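Several structures are given next for inspection.
Two complexes follow with subunit A in common, the first pairing it with subunit B and the second with subunit C.
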Partner chain A sequence: MNTGTAAPGSGISRRRLLVGGAGLAGAGAAGALAVASLAGGDAAAQATGGGVVPFHGVHQAGVVTRQDRLYFASFDVITDDPGELHRLLDDWTVAAAQMTAGLEAGEYGAVGGPYLAPPEDTGEALGLPAANLTITVGVGRSLFVDGDGRDRFGLAARLPSALIDLPHFPADDLDPARSGGDLCVQACADDPQVAFHAVRNLARIGFGVVSLRWSQLGFGRTSSTSTSQATPRNLFGFKDGTANIKAEEVEELDTHVWVQPGDDPGAEWLAGGSYLVARRINMHIETWDRTSLAEQETIVGRTKGSGAPLSGGDEFTEPDFAVTGRDDQTLIAERSHVRLAHPTVNGGARMLRRGYNFTDGSDGLGRLDAGLFFIAFVRDPRIQYVPMQTNLSRHDVMMEYLVHTGSALFAALPGVPDGGSFADALFD
Partner chain B sequence: MNRSIPILVVAPLVLLAACTDNDTASGSDSIAVTSTDDACRLSTTEAPSGNLVFDVTNDGSEVTEFYLLAEDGLRIIGEVENIGPGLTRQLVVTAGPGTYVTACKPGMAGDGIRNEFTVTDSGSAVGPTGAAGDLLQSATEQYHEFVEHEAEDLLEKTEEFAALYTAGDDDGARAMYADARTHWERIEPVAESFGDLDPRLDLREADLAEGEAWTGWHRIEKDLWPPADGYTAATADERATLADQLVADTKELVERVEDLTFTPDQLGNGAKELLDEVATGKVTGEEEIWSHTDLWDFQANVDGARIAFEVLEPALRTKDDALAEELKTRFAELQALLDQYRDGDGFVLYTDLSADQVKELSDAVNALSEPLSRLTAAVVL
Partner chain C sequence: MNTGTAAPGSGISRRRLLVGGAGLAGAGAAGALAVASLAGGDAAAQATGGGVVPFHGVHQAGVVTRQDRLYFASFDVITDDPGELHRLLDDWTVAAAQMTAGLEAGEYGAVGGPYLAPPEDTGEALGLPAANLTITVGVGRSLFVDGDGRDRFGLAARLPSALIDLPHFPADDLDPARSGGDLCVQACADDPQVAFHAVRNLARIGFGVVSLRWSQLGFGRTSSTSTSQATPRNLFGFKDGTANIKAEEVEELDTHVWVQPGDDPGAEWLAGGSYLVARRINMHIETWDRTSLAEQETIVGRTKGSGAPLSGGDEFTEPDFAVTGRDDQTLIAERSHVRLAHPTVNGGARMLRRGYNFTDGSDGLGRLDAGLFFIAFVRDPRIQYVPMQTNLSRHDVMMEYLVHTGSALFAALPGVPDGGSFADALFD
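And then the complex of A and B:
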């Protein structure tokens, strides 16, 4: 059942009962508990062996978790009615809690509903485990104000000051059809079908209120976010994200990732949230593959095999940018990627990256349309992303093999507490 | 499917190697070299003639180098430099039977820690060690002449073009634009090696950072082929400034080129980079988005790559005749394809090409680029 078209009196959807609209705030708490207890059996059973990531919490899940598959979707809100937007976020909350618990979406799920009605859940995840599914929701600048600065849903006063329009970076070749958006959903899981199922069902619930603007399937997680995880490789074949902020670095997360109370007096609602930078970065992998190993390593600043910095040591040895070799040249080149992206040349700025490799088939010229779907979570993109990307886009030799084709910045909502809704932060 | 067999064979090796810091799959007959602050240990001091592979690991605390020297201890047969502490680098050299000297040089100072090394006769023919050296010397000299010549032609035509543009002769300037740029595109990797001049001369609008001043060829290109709306034409003063800057920067390029010296690997890599330029910029029509004269640049890039190949060809023939033949064939095939789009003194516009024709060109570029990427290692080895 699609709540967007549900007629009053057509039967009580559990979604409605559980969270309901603004008028049913009281029922919300009980409802979410019901979902939690419903999930309880499976969740407890799978928790020991992994499989279910708790949906509720101070922060949204899907930032420090380590799943290997991504389906990312950006939506335009097509209604003018704040009430409809509010209800959609409530409905998404219920469905997200269900699906992340490994349950089917909706009251009757995929096969338990009326025989003459289309199933509520689309069904392709039937029999699959929760696969550590996380669903992370963010809001774009364009949700608050339109291109002319007009308030769209009475939310303009809540626009976070760091939720900017990202500037044009040198060599950007952005496709508007792969950029921007009012809302985003980042679904991550160990199984691509589970992630796809999540986005598909949320998009379906949203018909009439939101419209899918662009989406991106990702595989092969780059940038480890846990010290227990080996650093994965990007499509250049190099380990990517060795120096990433890790889940275990709790203080670093507070310093660099989570928006803190008092950061933005005009948008206190975002405390506990984060900023999500998404960049679709195409790689010219064919020309890269024709580059000598020596040049590849010089460009990256690390060895391809072990990932050690060229200044020596092993993968986790801090790069030493001062060590020189022949002719007093530094072993790690001035314009190498590792140096230009390093916190020491970016005012100490760090970020939590969770990029995914992608391929969208081929480009019509006999080459793979492939690259890195870069995602980073930061506390303030104006400080932690924009200066670094400007530096990289201008100076990084690797840019010869990269072209940024999509871009978006979202404010990832704070976590949803038990009984809460994605809508709470925005509307309460 | 034929991939599954090597993977099965390699898998146990990878497992064994996983605990070391380097798991590249070097052959079992490679020679392990361990360089420490006060020792240079080799797993063997004798090997059969042919290709020798040294895996040099730096177990010391300083940056190290490794050399294979001729018996006299002076002539360098092969070297690997800048090995950071804890890292492993590979040196591959071709060596005939004889006595050699190995040297580790921790700290990169002095004569290094030396040992004698013997290459026995494996029975398979190996060209005289270092015989390609003279041919390579000649190659780099020829290439330098070519680059100088192109830079001078570039300056001459740039001055002519700039004068037409400043004088407001748009038709004249448009007619010269692609022809003048040909000389830039032929030596593009050399020009690009000047990190300050290249952005001033050849930056595309999309390459700019916000608020950055735009100068050079493509700025003028847009003014000569302006978009239908939303564009304000340059004033006479602006034209003069842009044209003067273009000429001044080109003059500086010519001066700097005179002082350059080239190494064989720069030639080989330069050829590869020229084809990369074709693959990422010209074959997609992104280089000349206003004039659509991408095929002129395409031809010029291919010319530059072919010259680099041709000057290296005598040396390559002594090392890998089959690669030389393949490259000759691929260059000819690509040229034949490009010739189909000649129009008068130049070419048809990029926008006149069909999607299928672009695909065909792209495939021919890939067919050439792949073997061309092996040129450097083949001649330098």
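And then the complex of A and C:
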């Protein structure tokens, strides 16, 4: 499906993506995107303190950036008209480019428009800096085919083969109202009000075309994606993401995160994109808090203080799963989290994680409704996420303290070049 | 009820509050707390950038301070034993003093304790600065007398006369699971992870004595309490709290915020404290966003851009409710929010507000569950809050875009002097 024309009023020229799709195949000798150095570009820009992460690029921003606050939203598309969907993505592109630059949404913004019309921007971010806002858009399997396998928008032939329905994992207790969705928007910023404002304005722009399905505020970042950041802690109190892929590891990003040309001949349009796995993981923190330090460290396989593996060294020392102690037991337990999640027991699979701690109040039973909103970006979820999560769900002792209550998989679109649109990869 | 002895294991000396209770009556010629200059002390300390707000003082911190992030929790007391309640408040005092200083809770903290025991601190704030954390504790009417009027802990005779059951206001649609409570903890900080950590550790310390009733994360501050801060915006996109009482207005604080000696002969123990009104106000923001700028400004009575009253001037110009324009209509509408909330139509009543924008995801109908978690500190809610809210509920056109979904009133305890305890005022 290709509407072929610029959306009315979108105000963007629809200049074709120069690097993208099939045209990429010859870009590098090994077929890899020869643009990896750009991958860390937004992180570098952020480090300059300018507060604006470039919106346009080969990859979407918001994957390797380091902001501490998240607002994530999943939408159902409620129109049957592919043209409306296309225009929505065009309009979202314009608004996202403006808001990530620290500008208001719309041509007139919050207060500059006609006095007798609703404002084009909702206004709560007026006066606030860009705060390193990134807006990352993904598409769900249900956008391509509905539950009966019907082609909803003429996109079925473009369904990426790795955009699967995630299997049911042991210990899943998923709430359908917190799972799935046709489109997702991940807004990350240094200021939560800026992230909220971004999602709200995209929802406002999409009125009548999309309906908010679920959303999640994340208050504290885990799994840093920068070597210049201290490793943050999750709500179990442990450092989380020590071995995460970092923005600086550009080759690893091509190997493990960015979809490469040729990965999926039926969906070359996704080259330069990624897959976004979202899992709302509730933690039984009251139970955890009554567990001994010894038990906690055994379950994790690292010390709680420094985060060093129990086999010794410091936080960044590679864990040694063979070294034994008393009674010839390995110092790192076989069912510890660090071992079961380690690439060496998962066929070398690594993920780029950018989870956020969350709390949604209490559960009515005197307990905090809190945990980790897990987000991972991977090149192929069938290889990198599903086997590892199957392994963890079955064997990880930590699962006694967790329940997965929400789940979604999206294909994160490739980057939008200057003058392009989120819709280009999908429709052109 | 006076347990009279230090709580076992609390580790604090119970030095008597030098300024407080009946001993205050002669402190100033007019009976005012002659300590008003201390009121802004924590704000001043915060401005130095040290990141630590002093915990001890004549008033609790967290009233005039300026942090942007909130985690608020309401607890039910589940013990019948006054001694357990007393010890809990002692233990909370020790933990609050430590955490607000940027230290871990407990004697040994997160990782320093016995290896085979649960850690004394949950650990997720390890490595984070104090982030200007304040912990403010209040007590609800239900702590003194239960629904049948029974004296629960021997405190009924000490019930402050202004600690009423708030009346039902028109347009209230209160969720009992988001209302009321025996104790409250307001944790404010520059970092939400630090605020969350504080509440979580107090809940952990209270295991078996208190049960979490409800809690609320606030992501963006409204109603600044400092003249050095730009006025923040609520989710209607308008500046909120332009006319708020500021930390620098020390005389106004004594007049409108701090309970004064002699205010309540039956509850002299509350002198130096305040009343904390908490209201969870959901905003129909999707409806608001489809309202014209003209209508929005008419409803508010101020411009959306600068926040100036519609009668002219700049943000801090006093509104002139008499000045008329075309057709002899007043420029500020009679039912505008700014007029109905103004001291001149509320018998001179002012409040110190410190609300926070919130979002708790979506409501299952495609709309954001978001709004304002309103907090106000007042010297007497019967005079300052109830008449004004009655007025607003009945006449404010803005009410068409609001629904109050949670409500609570607490007596915020007086400040805790060095070596004192939250329990002192209540029990001694």
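What we mean here is this: the second predicted complex is superposed on the first by the 380 of 428 C-alpha atoms of A that agree within 3 Å, B and C clash if a C-alpha of one lies under 4 Å from a C-alpha of the other, contacts with A are read in each partner's own complex, and residues count from 1 in each chain.
Quick note on the criterion: a residue touches a chain if its C-beta (ideal position, glycine included) is under 8 Å from a C-beta of that chain, and two chains touch if they have at least 3 such contacts.
Everything quoted here is computed from the prediction, not taken from an experiment.
In the superposition on chain A, A:118 contacts subunit C only, with no contact to subunit B. In the superposition on chain A, A:418 contacts neither subunit B nor subunit C.
By the touch criterion stated above, A:326 is placed in contact with subunit B alone, subunit C being left untouched. Of the two partner chains placed around the shared chain by superposition, subunit C is the only one that A:177 touches, whereas subunit B remains out of contact.
Judged by the number of subunit A residues each one touches, C leads among subunit B and subunit C. Contacts of A:367 after superposition on the shared chain: both subunit B and subunit C are touched.
Judged by the touch definition given at the top, the superposed model places A:314 against subunit B, while subunit C stays out of reach.
By the touch criterion defined above, A:292 reaches both subunit B and subunit C. Legend: residue contacts after superposition of the two complexes on their common chain; A:263 is shown touching neither subunit B nor subunit C.
In the superposition on chain A, contact of A:305 is made with both subunit B and subunit C. Counting contacts as defined above, subunit A residues 286, 289-292, 303, 305, 364, 366-367 meet subunit B in one complex and subunit C in the other. Every residue of subunit A that touches subunit B in the complex is listed here, in rising order: 167-173, 284, 286-287, 289-292, 295, 303, 305-306, 308-314, 317, 323-326, 329, 331, 364-367, 390, 393-394, 400.
Touching subunit A in their complex are the following residues of subunit B: 21-24, 58, 63, 65, 81-82, 84-88, 108, 206-210, 212, 269, 272, 276, 279-280, 283-284, 286, 355, 358-359, 362-363, 366, 369-370, 372-373, 376-377.
Residues 69, 71, 73, 76, 110-111, 113-119, 121-127, 177-178, 191-193, 196, 200, 203-204, 207, 211-217, 219-220, 230, 233-238, 285-286, 289-294, 296, 303-305, 357, 359-362, 364, 366-368, 370 of subunit C are the ones that touch subunit A when the two sit in their complex.
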